[in-house]
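Next up: the structures, one after another.
Look for subunit A in each of the two complexes below; its partner is subunit B in the first and subunit C in the second.
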Partner chain A sequence: MSDGAVLTRQVAVIAERSVRRTFRQPAAIVPAIVFPIMLLFVTAGGLRAAESLPGFPDVSYFDFALAVTFMQGAIFATGGAGTDLATDIESGFLNRLSLTPMRGSAVILGQLGGAIVLGVFQATCYLAAGFIGGATIATGVGGVLAIYALVVLMAIGFGAIGVAAALRSGNGEVVQGLFPILFVLLFLSTINLPLELIPVDWFRWAATVNPITYLVDAVRSLIITGWDAQTLLVGFAIAGAIAVLGIAASAAALRGRLQRT
Partner chain B sequence: MAAIEVRGLVREFKKGPRAVDGIDLDVAEGEIYGFLGPNGAGKSTTVLMLTTLLPPTAGSATVAGFDVATQGAQVRSVIGAALQEAALDRFLTGREHMRLQGSLHGMSGADLRQRSDDLLERVGLTEAADRKVGGYSGGMKRRLDLALALLHRPRVLFLDEPTTGLDPQSRSALWDEVARLSREDGVTVFLTTQYLEEADALANRVGIIDHGHIVAEGTPDALKAEVGRSSLEIEPHDQTQLAALESAMRPFGEPVATRGTSAAIRLHEGAGDVAGVVRALDQAGIQVHQLRLREPSLDDVFLDKTGRSLEGSGDDEADAEA
Partner chain C sequence: MTRIWLTAVVGIGVRQTNALLKNPALLFPSLLFPLLFFAAFAGGLSELVRIPGFDYAPGYTSFQYVFVLFQSSMFGGIFVGFAVARDFENGFARRLMLAVPHRSAIPAGYAFAAMIRAAITIAFVTVVGLVAGVQLVGSAVDIVLLFVLALLSNLLGSLWALGIALRFQSLSATPLMQVPFFVLLFLAPVYVPLDLLTGWIADIAAVNPVTFLFEAGRALLAGEPGPLAAAWLVVIVGGIVMGAWTLLGLRAAETR
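For the complex of A and B:
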């Protein structure tokens, strides 16, 4: 069997295990789906008045807010992939796997594979909730596929951040500590209003320099605007950059964690 | 060729003493080698180095002829290990563990299925194989751990305190299985334990480690013979008579350390001295609360070599881990 085939097989079995254990923990999967959908319906109801603001896009607030669910899903991916790996380190399960011919990279890629499956599943639920709530996707079927592509990239990027934190610290609480930080970043973006309509200067500045703004805007453009090449290019570039940096950080942390000869 | 050959092996941690301080040992093929010592003695650190999970600071070690420092992948291909505390995923079933680990070892298809079924049956987990591990008892987890360690047919098996926390029945079942592995399959077993009776019952040879040093090595019988004779421990009815008790006992043997509420000697002539001791105590007017005659044990060996009793001598600090 070639090296590539061996690595692919190892990644597949580790990803399969990650998916199995996630779907066998209702406490891990249910909040990641229910919470963003609940928040969608609550904010769509509570902030509906924003539709009448001058300069607000000519869509319902529900359609406007739908993009935020995908970001929340990505943040849950951070916690899921990282916490599982931290648990493996704390319990000695990673040592068990390290005693096999498993490649180090298979640990990272396998966890991220599990995060991708979870991310796609979550995205399907969010889209279904969106359609039930009356949302339409301005870019049609192609746009839905583009949303899935962004979701996969974000799952890799944010999942890798969680994996890096787990490998660096070996502690589930540290990984969980990322969750509120990312949520603060999420709220300091354009999740509630377009950038031009944010009235407070410091908030608008924070949203401008916050990469999450551009991820939200990319998904949102596919839902409410249509094909906006520049917004998509920036969104995909930032998602890709987070993925590359996250994987690089994970690889560096793995070298410190796996001391096997 | 020795299955395990260790020369001057050292492991230092940044903020601690030398966990392993220049040990030498040889384990022959098919042998069960018991590595005995209290908590914090360096047993687990040694296992982590021999299983390639932790690089040595100095010295050398080979397992099945492969250098643990430079041929890690080859070492891992020929060893199986059940490390301290069965590290299992409580959300996976026993059979799913076998499939995951087998796949990472490059096994697949009918071979993996058959081998998994055989091992699950061998460790008595066939009926529980499709249940999630979260519902297993401690003994079942340990047996699954052993089955996983054997999955890829290793030549050398490392068991790090495999029976810690198990009930006597589970412990006995695991001993039987380990003995069978060595006897019938020719697997070399390196077993760490803090249980004297475990080393005594299972090991062909025993190495006793304390503070990172091997303080004694040999067959259990030879080690006990080296210590020699039976010992007699007497607890006086009146603790103020402890000094008088020690004086009265001294003509019959050399003093042995105790926990402080009794006096003990290693008898010059063995059990035949007991009557003389009792007469001497009677003449001295010392009333006996408890009298214990003990054949030499591995604890006596430990006591002889370190001046401390193995039982309860662990210094709370667990072996430093990576």
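For the complex of A and C:
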């Protein structure tokens, strides 16, 4: 067996374990599906009046808000991938695994594989909820595929942040502690109104420098605008950068942990 | 008997409050989340005042302040349910049930602690709100009544969460404590006044008890007439129902 084939097999084993484990924990997966959908319907109902604001896109608020669910799903990916790995560290499973021929990179990539599967499953549920709520995707089937591509990239990026936190701290509570921070970033973005309609200076500045804004805008453009090359390019670039930085941080944290053990 | 009961209530309340103040991980979320909502809604959605028919005189920051006040107060109550569940998991609550002369002092003590926590959060949110531009247009009596309503809504949250914690005695039941109140809060007029809601959410908001708290609170802040009687009815009837829910939960805990 070649090196590549061995690594692929190891990644598949860890990913399968991660997926099985996630789907065996209803308490972990149900909120990640239900909470964003519930917020979508409630926020879209409560903010429907915003459609009459001058400058608001010529779409329903429900269509406008649908993109936010994918971002919330990505944040849940951070907790999911990281918490499971932290549990493995706390229980000593990772230490035992390090005595086997399993490669460290397979552990990271396998966990991220699990996050990708969960992310795709979540995205399918969000899209189904969107269609049930009457949403239309301006970019059609191609746009749906682009949304999935962005979701995969975001699941890798945010999942890797969770994995890095788990490897560095070995503590599930630290991983869970990332959730409020990411939630703050989510709320300080353009989730509720377009940037042009945010009149408060400090908030507009925060939303402008917040990478979440560009991820939300990229998904949103596919749903309500059509093919907007610049918005998509920026969105994919930021998602890719988060993924690269997250994986690099995970690899560094894994090296440190293995040296300590 | 009453004196011993009160001593137990105060003892539990002080213990919980000490635990809260000595542990930033417990105090921080109850201060962070209201601020987050306040910043996100008052900062990010202030353009909504331009919607035709939005005529709340004190402005959008004040409009959102009332939501944040009730949200933080209710969740300050709900968080105490986490503490009770944790105390059951580590065995402390069982020992407490053997120690107190009358067990109703246990939920009363935790509810007392929740109210102290809510008072801290309300003070914090109010200071931040005033700095951010909240206008207290109502009279001093109106503002005091607003705070009393907020504190009583804290009692509703704590009694609900205590009832859950006493029945399930596990931290895994915390979503059951939070989600119903979260849904009730967001099915009320959070972003715009009731008159500007349309569709299914308008129908639900019209009968949602939390709507009366928000509308009354905003009216008190603005010094305008509002559904005050309905709001008092909500806290009184809600308090009786939730009190019964908690006491039945205590009975269930005693028989386990």
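What we mean here is this: the second predicted complex is superposed on the first by the 259 of 261 C-alpha atoms of A that agree within 3 Å, B and C clash if a C-alpha of one lies under 4 Å from a C-alpha of the other, contacts with A are read in each partner's own complex, and residues count from 1 in each chain.
As a working rule, a residue touches a chain if its C-beta (ideal position, glycine included) is under 8 Å from a C-beta of that chain, and two chains touch if they have at least 3 such contacts.
All figures in this text were calculated on a predicted structure; none of them were measured in a lab.
Contact with neither subunit B nor subunit C is seen for A:R255 once the two complexes are overlaid on the shared chain.
Touch criterion met: A:P31 reaches subunit C, while subunit B stays clear of it.
Applying the stated contact rule after C-alpha superposition, one finds that A:P101 touches subunit B and leaves subunit C untouched.
When both complexes are overlaid on chain A, the residue A:V184 reaches subunit C alone and has no touch with subunit B. Every residue of subunit A that touches subunit C in the complex is listed here, in rising order: 27, 31, 38-39, 42-43, 45-50, 52-54, 180, 183-184, 187-188, 192-193, 197-200, 202-203, 207. Residue ranges of subunit A in contact with subunit B, taken from their complex: 1, 6, 9-10, 13-14, 17, 20-21, 24-25, 88, 91-93, 95-102, 259-261. Contacts from subunit C toward subunit A in the complex involve residues 29, 32-33, 36-37, 39-48, 50-52, 54, 172, 175, 183, 186-187, 189-192, 196-201. For subunit B in complex with subunit A, the residues that touch the partner chain are 51-55, 68-73, 75-77, 79-81, 83-85, 87-89, 91-92, 96, 99-101, 103-106, 132, 148, 152, 322.
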